[in-house]
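Letters A, B and C mark the chains as written, and numbering starts fresh at 1 in each.
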Amino acid sequence: MSIGVMLVYGLLGLIVVITALGMLTSRNAVYSALFLVLNFATVAVLYMTLGAPFIALAQVSVYAGAIMVLFLFVIMLLGAEHITQRSTGRGHRVLSVLVAVALLAEAVIYILFRGAGVEMAALPSLPPDFASPAAIGQLLFSQFLLPFEITAVILLSAVIGAIYLTRRERQAAARTAAAEQPAEKPVEEPAEKTPIY
Amino acid sequence: MLEQWMYIGIFMVVAMMLPSIAIIIAGLLSPRRPNPIKNSTYECGIETVGPGWPQFRVQYYIFGLVFLIFDVETVFLFPWAVAYNRLGLFAAVEAALFIAILAGGLIYAWKKGALRWL
Amino acid sequence: MDAGMILEWVIKSVVMVLMLTGGFAYVTLFERKVIARIQVRVGPNRAGPQGVLQPIADAVKLIFKEELTPAGADKKIFILAPLITVLPALTVLAVVPLGPPLNLFGRTVNLFLTDINVGVLYIIAITSISVYGITLAGWSSNNKYAMLGGLRATAQMISYELALGLAIVGPVILAGSMSLVDIVDAQRPMWFAVLQPAGFVLYFIASLAEVNRAPFDMPEAEQELTAGYHSEYSGMKFALFFMAEYIKMIAVATIGATLFLGGYLGPFVDRFPILGPLYLVAKVVVWLFVMVWVRSALPRIRYDRLMALGWKVLFPLGLVNVLVTALIVVLVGG
C-alpha cells in the first residue's frame, strides 16, 4: 500500500470523524444536519476510492439527498433548531459514554492483537468492469433476486407505516384547511392562534 | 476509472473557486454602511411581526417521507435498466413485479389522501 | 497520471466554468430579448449595439452594490448558501460529452471532462444535492417569505426529481449504459426523443420544475413571496443565486439535448468533428428558447396543483413509461 493511498484514506477518515463530532457537538440542529450531510458525502468518496461508484452515488442521492432533506424538514417543522437545553436524561448519557468506551477498547484490542505485524494488503487490481452498473444489475437479477424483491416489500411497508403514523397530523391539517375556506371563515379570527404556513 | 473521479474532484475545486472569488471581490469593492433599519428583516415595508421561523405544516414532512421511499426505488431501477439487454424476459417480469409492488404503495398513499396538498 | 494530464484537466475545468459563466450572462440577455419581443417590446438596447453589453453592465453594478445581512440571520450559513447553490449547478455538466474527440496540438482531446460508467446516476445525485443551497438560504435569512420559499422549493424539487429520474431510465434502457458518451453513440440511428416521446415530454416538464422555472416558479412567486428564498440577499450573493438558476437552465437543456436529441450528433459530424459542439449549442439554444417561450406564455400554476401534477400525473406516467419501454424492448428483441 503506497504512502499516497494511506494519506488519502487517513485524510478522508479524519474528515469523517471530525464531521461526526461536529454533528454531535453542534448546539444548532441545522448545523448538526449539515455536518451529517458532509459526513455522508465523505463516506461516499471513500466508497468511490474502494472502487464502488454505484454505491457511492446511491449513498449521495439517497442518504444526503433524500434522508437528510427529511431530517431538515423535521427540524424546521418542529422549530427544533433553537432548542438549546439538553433533553436527554443522565442515565442516557452515562450509557452512551460506556458504549463508546467499550467500542473504542474493542477497536484498540483488535488492532493490537490481530492487526499487529500483519502487512496491510495492497489494493487488488480490479477488473475493468468491477462494480459496473451492468454487473450490479446482472447480480441483482440472478443471485440476489429474492433480497431485491424483499426490498420492494420492505419499501411498501415503509410507505404504509409512514402514512399510518402521520394520519392524525393529516386529519388535523385537513380540518384546518377546511376551516380556512372563505365560506366558513369566522368573521373574527382568534388573535392568539399561531399561523401555520 | 478512479482517475475519472479525480477529474471530477479537480473540476469541483475549480468550480468552487469561481463563486468564492466573486464573493471576495464584491466584499472588497462594495460599500458597507449598515444601520439597524437597513438590516431589519424585510416584510413588505411594515414592521416584522412574529418570529422569522414560524411553524410549518406537516405536509412537507409527509411528502419528504414518501419521496424517500420512491427515491430508493428509482436508484434500484438504474442497474436494472443498464443490464436489461443482457437479462432477458425473466428480469423484465421481476422488475415489473418490483414496480408493481411499489405502485401499490403509491396507490395506497393516494387513496389515503397523503398526496393531497392542503 | 502525470502533471501534464492534471494540467490538461485544470485547463478543461477552467474553460468549462468560464464557458458556463459566459453562457449564463448571455442567457439572461437572450431571455430578456425574447420575452420583450413576445410582449411587443424592444428589450435592453442601451448598453452597446443591440444591448450586447448589458450583462457586463449588470455584473459591474452588482459587484458595487452594498451587501446587506439581516439582523436575525445566521451569518455563516447565510454566506455559505449561495456557494452551495452554485456548486452543483456548475458541476452537473462534468459527465456530458460536448463533442466527438478532437485532434488539437497533435494529441487527441476528448471534449468532456470525464466519462464514468455511472454518469446518469451522477447527474441524479448532484440534482438531489442541489436542494440544500435553496433550503439553507431560506432558513438562514430569518425571514418568513424566504423560509416559505425555501421550503416550497425543496418540496417541489424532491417531488419532480422522481419524475425526472424515471424519465431518464428510458434512454438508459435503450442505450444499455449509464455513460453519456455511450448514450449519445446509441442515438446514431435515431434520436431517443422519437423512441421515447413520453419520456422526452416528462423530462421537459420535470426539468422545468426542477430548476424552478415558470410555470413552476412558486418558490419565487413575486406576488406572494416577494422573491422567495433570496428575498434577503443583495449584491453579489444575490447574483450568485441568479447565476445558479440560469446555469441550471443551461445544464438541464444540455443534458436533455444529450439524452433525447442526439447530443452533438448531426450531419457530417464524423467527417468534421468540430461541427459537434456547434450542433450541441444549436440544440441547447432551441431548448432554452422553448423554456423562455413557456415562461412568457403560461401563467404560474397553483401550489397544490403543482404537487398533484408531480405526484399523481408525472410520477405514475414515468412508471408506466418505464414498463412500456421495457416491454417493447423485449418484444422487438432489443
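Couple of notes before you dig in:
Throughout what follows, a contact is a pair of C-beta atoms (placed from the backbone, for glycine too) under 8 Å apart; a residue touches a chain by one contact, two chains touch by 3 or more.
Owing to the predicted nature of the structure, the values given are computational and were not obtained by experimental measurement.
The chain pair with more C-beta contacts between its two chains, of B-C and A-B, is B-C. Geometrically, the chain at the heart of the complex, using CA-atom means, is B. The distance from the centre of chain A to the centre of chain C, with each centre set as the mean of the Cα atoms, comes to 27 Å.
Each chain gets one centre point, the mean of its Cα atoms, and the points for chain A and chain B are 15 Å apart. Within chain C, the positions touching two or more other chains are listed as 116-117, 121-122, 124, 128, 139, 144, 147-148, 151, 154, 158, 161, 176-178.
The multi-chain contact residues of chain B, meaning those touching 2 or more other chains, are 1, 5, 53-54, 56, 59-60, 64, 66-67, 71, 75, 78, 81-84, 86, 95, 106, 118. Annotation for chain A: residues 53-54, 58, 61, 65-66, 69, 73, 76, 81, 133-134, 197 touch two or more other chains. Chain C contributes residues 1, 6, 9-10, 12-14, 16-17, 21, 62-72, 79, 82-83, 86-87, 90-91, 94-95, 113-117, 120-122, 124, 128, 139, 141-145, 147-148, 151, 154-155, 158-159, 161-162, 165-166, 169, 172-173, 176-178, 226, 231-232, 235-237, 239-240, 243, 303-304, 307-308, 311-312, 315-316, 319, 322-323, 326-327, 329-330, 334 to its touches with chain B in the complex. Chain B makes touch with chain A in their complex at residues 1-2, 5, 53-62, 64-69, 71-73, 75-76, 78-84, 86-87, 90-91, 94-95, 97-98, 101-102, 104-106, 108-109, 112-114, 118. Residues 28, 30-31, 34, 37, 53-54, 57-58, 60-61, 64-66, 69, 72-73, 76, 81, 132-134, 197 of chain A are the ones touching chain C in the complex.
Residue ranges on chain A touching chain B, taken from their complex, read 48-49, 51, 53-54, 58, 61-62, 65-67, 69-70, 73-74, 76-77, 79, 81-82, 126, 128, 133-138, 140-141, 145, 148-149, 151-153, 155-156, 158-160, 162-163, 166-167, 169-170, 172-174, 176-177, 194-197. Contacts from chain C toward chain A in the complex involve residues 74, 77, 116-118, 121-122, 124-125, 127-129, 131-132, 135-136, 139, 144, 147-148, 151, 154, 158, 161, 176-178.
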